[in-house]
Amino acid sequence: MNSFFQYFADIFNGVKSLLTGMKVTGRYFFSPWEIVTQQYPENRKTLKMYDRFKGEVIMPHTANNEHRCTGCGICETNCPNGSIEIIQDKIDMPDGKKKRIIDKHIYHLSMCTFCGLCIKTCPSDALAWGQEFEHAVFDRTKLTKILNKPGSSILKDISE
Amino acid sequence: MAFSIYDFTSFNQSIDKLLYDSLPPFWALIIEMTIIGVVFLLFYAVVGLFLVYAERKVCAFMQNRVGPNRVGPYGIFQTIADFIKLLMKELIYIKNADKLLFNLAPFIVIIASFMAISAVPFAKGLHAIDFDIGILYVIAVSSLGVVGILLAGWSSNNKYSLIGAMRSGAQIVSYELSVGLSLVTIIILAGTMQFSAIVEGQANGWFIFKGHIPAFIAFVVFLIASTAETNRGPFDLAEAESELTAGFHTEYSGIKFAFFFLAEYMNMFLVASIAATVFLGGWMPFHVSGWGGFNAVMDFIPPLIWYFGKTAFIIFLMMWFKWTFPRLRIDQLLTLEWKYLLPINLVNILVMAFMVLMGWHF
Amino acid sequence: MKEVINLPVKNIEEEEYHINMGPQHPSTHGVLRLVVSLQGEIVKSLKPHCGYIHRGIEKMCEKDTYPQIIHLTDRMDYLSAHINNHAVCLLVEKALEVEVPERVKYIRTIVDELNRIASHQLWWCSFGMDMGGLTCFFYGLRDREKILDIFEESFGSRLLHSYYTPGGLMMDIHPDFQKNVKVFIKYFRKKIKDYDDLLSGNVIMQLRTKGVGVISKEDAISFGMTGPTGRGSGFSCDVRKHHPYGVYEKVQFNEIVRTEGDTLARYLNRMDEMRESMNIIEQLIDNIPAGDYTAKMKAVIKLPAGEYFQRVESARGELGVYVVSDGNKTPFRMKFRTPSFSNLSTLDYVSRGCKIADLVAIGASMDYVIPDIDR
Amino acid sequence: MTTNQLMFAIFAAVIIIFSILTVTSRRILRAATFLLFVLVATGGMYFLLRFNFLAAIQLTLYAGGIVVLIIFSILLTSHIGEKLEAPSVKKIIPAFIAAGFGAALCILTIVQHPFPQEVISSSERTDIRVIAKALISTEKFGYALPFEVISILLLAAMVGAIILAKKRKD
């Protein structure tokens, strides 16, 4: 007799649990304001990434086209993937001495794992995170970027 | 040509008369058959496209998403775009597959659902054939679809497909019993198997209300069993994607896959419309005996709207099941049928028969 | 020309046959290949083939300095990246005998627990999906998104953070961090009820998991099953309790142990762990002490020669890091003891005699991350 | 030619062609599929004759039931590359004799049957109520007894199947 009641209790509890589940989905079905989907290409204008968002490594330049990179190469040695290459140049200073400056700060975005060690270890805070995240290109070579802008020079107070 | 959205009988008869008057009977009949065939094909295409769109929207809203929204306003052309894509896709031929059966299987599945839909009454006078054995006929032809699934699973020479086909075979063969018996419950109440007579019999109240408790139990059992028979979740073991990748149609591509896809949705429409017809009165408006004014207002709503509204409600229920429940295991599926549904059904038939004898129904 | 061999008639009821589940299969959550011997629907034996995404992380570590190793550990168990980082950082700090500031310990503990919740949420998604309930997948991801937003705001990335460094943190937490975490916990306490309604209590789910894939406590110990999986078999193995690190000794929390050993126990363990993690975070989030976010470290970290081992409780179980140092700035040998690998090793033993559907459910309840297995 | 004759010709052609294909096909599952077509076409023939009940029973029992069962058992036992051996002459000759004898008997019966000259109106349907009453009536033309006897046969078949299935396990 016990198993007889158990049979009906099973049915009852089973149906009850199924209805509980249906209540959840049914509630969401009838509350379309809870939709969380973001319409990506449409919301491009309003889409704001967080300040700390790791999009790519950039080298901030001032309005006078000056950057803070001394070309010391610490970021290059700290990068675990070899995604930073620094090509140095020497210029003649007015006092006759030769001085190292940076010629090209090459950044291979395709090899970067966004660990942030270059930015953290940079002694002159020359590098920073950029918020750009749409990196898709048709040509792989376009992912190799030169971070210092053409004709840029080092900030005065850093070089001294 | 008399035309009324409440009664299609005169409309049909006038077309019939026109054809027979102007043409020899042989050609008149051929043309009639062609018209009906084309109408059903178009109906299939439209309903199939709409159901796929509806399913995607319903599941999206249940999952806090928006669903298709790129092609056309609210994504209404999404399924058409998908259909064009499926048409243009390459048909992949499988090495060592039984080509004949492999190509035949999708047609068997879709023809079975095509044969069954011909008996469904859409409105008064709007049905292809009105058999006196309507329900028996629908059960008979809809059971042919499983052959297509079995052949598809076997002939694609893939173990996943074979397992899917075996599961589907076991599932459909056993759940057909419950579908049949739950319909028998209503046949006892209605006293006929003819669809038009069943609908007419609900003029003073739908069977689900007239037969109250046993009819409601039969309705629930029919919903469960027919969901299983159409291979939809939570009974989608034949194509259980997390276990068998896609089950019996793993190896199908392009338009042949589209046939299976369409057949699944049309089967869903079919069982929903049968449930609507048998339990909820089909195209019959909602009537309460004695409330003359209320009934007149209800009569004002055209029967096609009643029919499609009830069908859509049951389709929505089936989608709701699918997007809520996890999938059963094959042995639990059979346990559900043989341990729960079948005994309940048999007792239910007895109760219904007793009730009809005693005149306890409304 | 070779003659076509006419294969003998096979009776699949009686003879075993093999199917390849994976490397591309919806239920293996990655590129794991299981060669399953079936008899009808019943699994007779099973052979996991791993290594499809073996990247040689342990070998790569030998050329990297210790701060550089951190970003590789992100990519092992990518769902609990912070916890993996924590293991290496703790090891370096232990070897150098550096005392990290209290603030760092608090933040690390909170972030670890958030990461654990995020990982379990994704597990819940895929568990539901493997059971056939696709809706679970979207609910889980929807709520995981909230944690990822907090992570993105504070650490700049959503999955692979590299937030911890030996001796401290990459940067301080975002000013809104505490507020957002509290908002999230309030939100998630509501949503986890939905999880229970939708899946935990469901009769189909109960039927499919109760008594399926039972592992006894002895087997769990001898297979080295840890984490919620091992604790589902009654093996009390929570590193946070037994070998506390961070500030775990200062917080009140229960080690969740169930003795049934079946799929349902593993499932419920993870659900309870999410709640327990929220309790831990709630105890800590208002008490983060002020201070420095990193200890003073030398520019070049060199571990004294010797062997070091450190373990942490990752979302999947016990993660061990073993380093042999010869005094250089790079390790001589590095070895990770990853929880997914040990948990996977039981799969053959557990799933024998089960059905295919059970195999999928057991696999989902083990919650293995394939890069964690292959490394 | 009326449409009824056209339909009859189509059904007859389907039955003949697929019957021949069924017995000549060397792949067993194809043979079963062709058999399905034969049975469905026979059902169609019944529909043409307005024997709706018989047609539906034909579809349910033979096409939906027995063929599915046959296909199901073939799935369990056969392999995709498998082909039946060509039957030997020793087997072909008796088969032909048996088939020829059966055909001769049928043709003889048809030729000898005195078909009525005027066409019976085909519009009357056999009412299923009549069939139902006949099926369970115990009077003179009732089928209650044969019905029960057949169910005993089915029971025997079921017991036999269980025994066969049990035996194989040992």
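Note that the chains are named A, B, C and D in the order they appear, and that numbering of residues resets to 1 at the start of each chain.
Going forward, contacts are C-beta pairs under 8 Å (C-beta built on N, C-alpha and C of every residue); 3 or more make two chains touch, one makes a residue touch a chain.
Only a predicted model underlies this, so the values are computations on that prediction, with no experimental measurement involved.
For the pairs A-B and B-D, the larger set of C-beta contacts lies at B-D. Comparing the centres of all chains, each the average of its CA atoms, the largest separation from subunit A belongs to D. Centre to centre, using the average C-alpha position, subunit A and subunit B are separated by 51 Å. Remark: subunit C and subunit D have CA centroids separated by 61 Å (rounded to whole angstrom). Here the spacing of subunit B and subunit D, counted between their Cα centres, is 28 Å.
Taking each chain's centre as the mean of its C-alpha atoms, subunit A lies 71 Å from subunit D. Residue positions 62-65, 162, 323-325 of subunit B each touch two or more of the other chains. For subunit A, the set of residues touching two or more other chains reads 18, 21, 24-25, 36. Each of the following residues of subunit D touches two or more other chains: 76, 81.
Within the complex formed with subunit B, the residues of subunit A that make contact are 11, 18, 21-22, 24-26, 28-29, 32, 34-37, 39. Of all the residues in subunit B, the ones that touch subunit A in their complex are 58, 61-66, 69, 320-321, 323-325, 340. Touching subunit B in their complex are the following residues of subunit C: 12, 17, 19, 25-27, 38, 41, 128-139, 142, 198-199, 202, 204-205, 207-208, 355-360. If you check the complex, the residues on subunit B that touch subunit D are 25-26, 29-30, 96-98, 100-101, 104, 131-133, 136-137, 139-141, 143-144, 146-147, 150-151, 153-155, 157, 162, 165-166, 169, 173, 176, 193.
Taken together, the subunit C residues at the contact with subunit A in this complex read 64-65, 67-68, 70-72, 74-75, 135, 142, 145, 152-157, 160, 162, 165, 170-171, 174, 194, 197-199, 201-204, 206.
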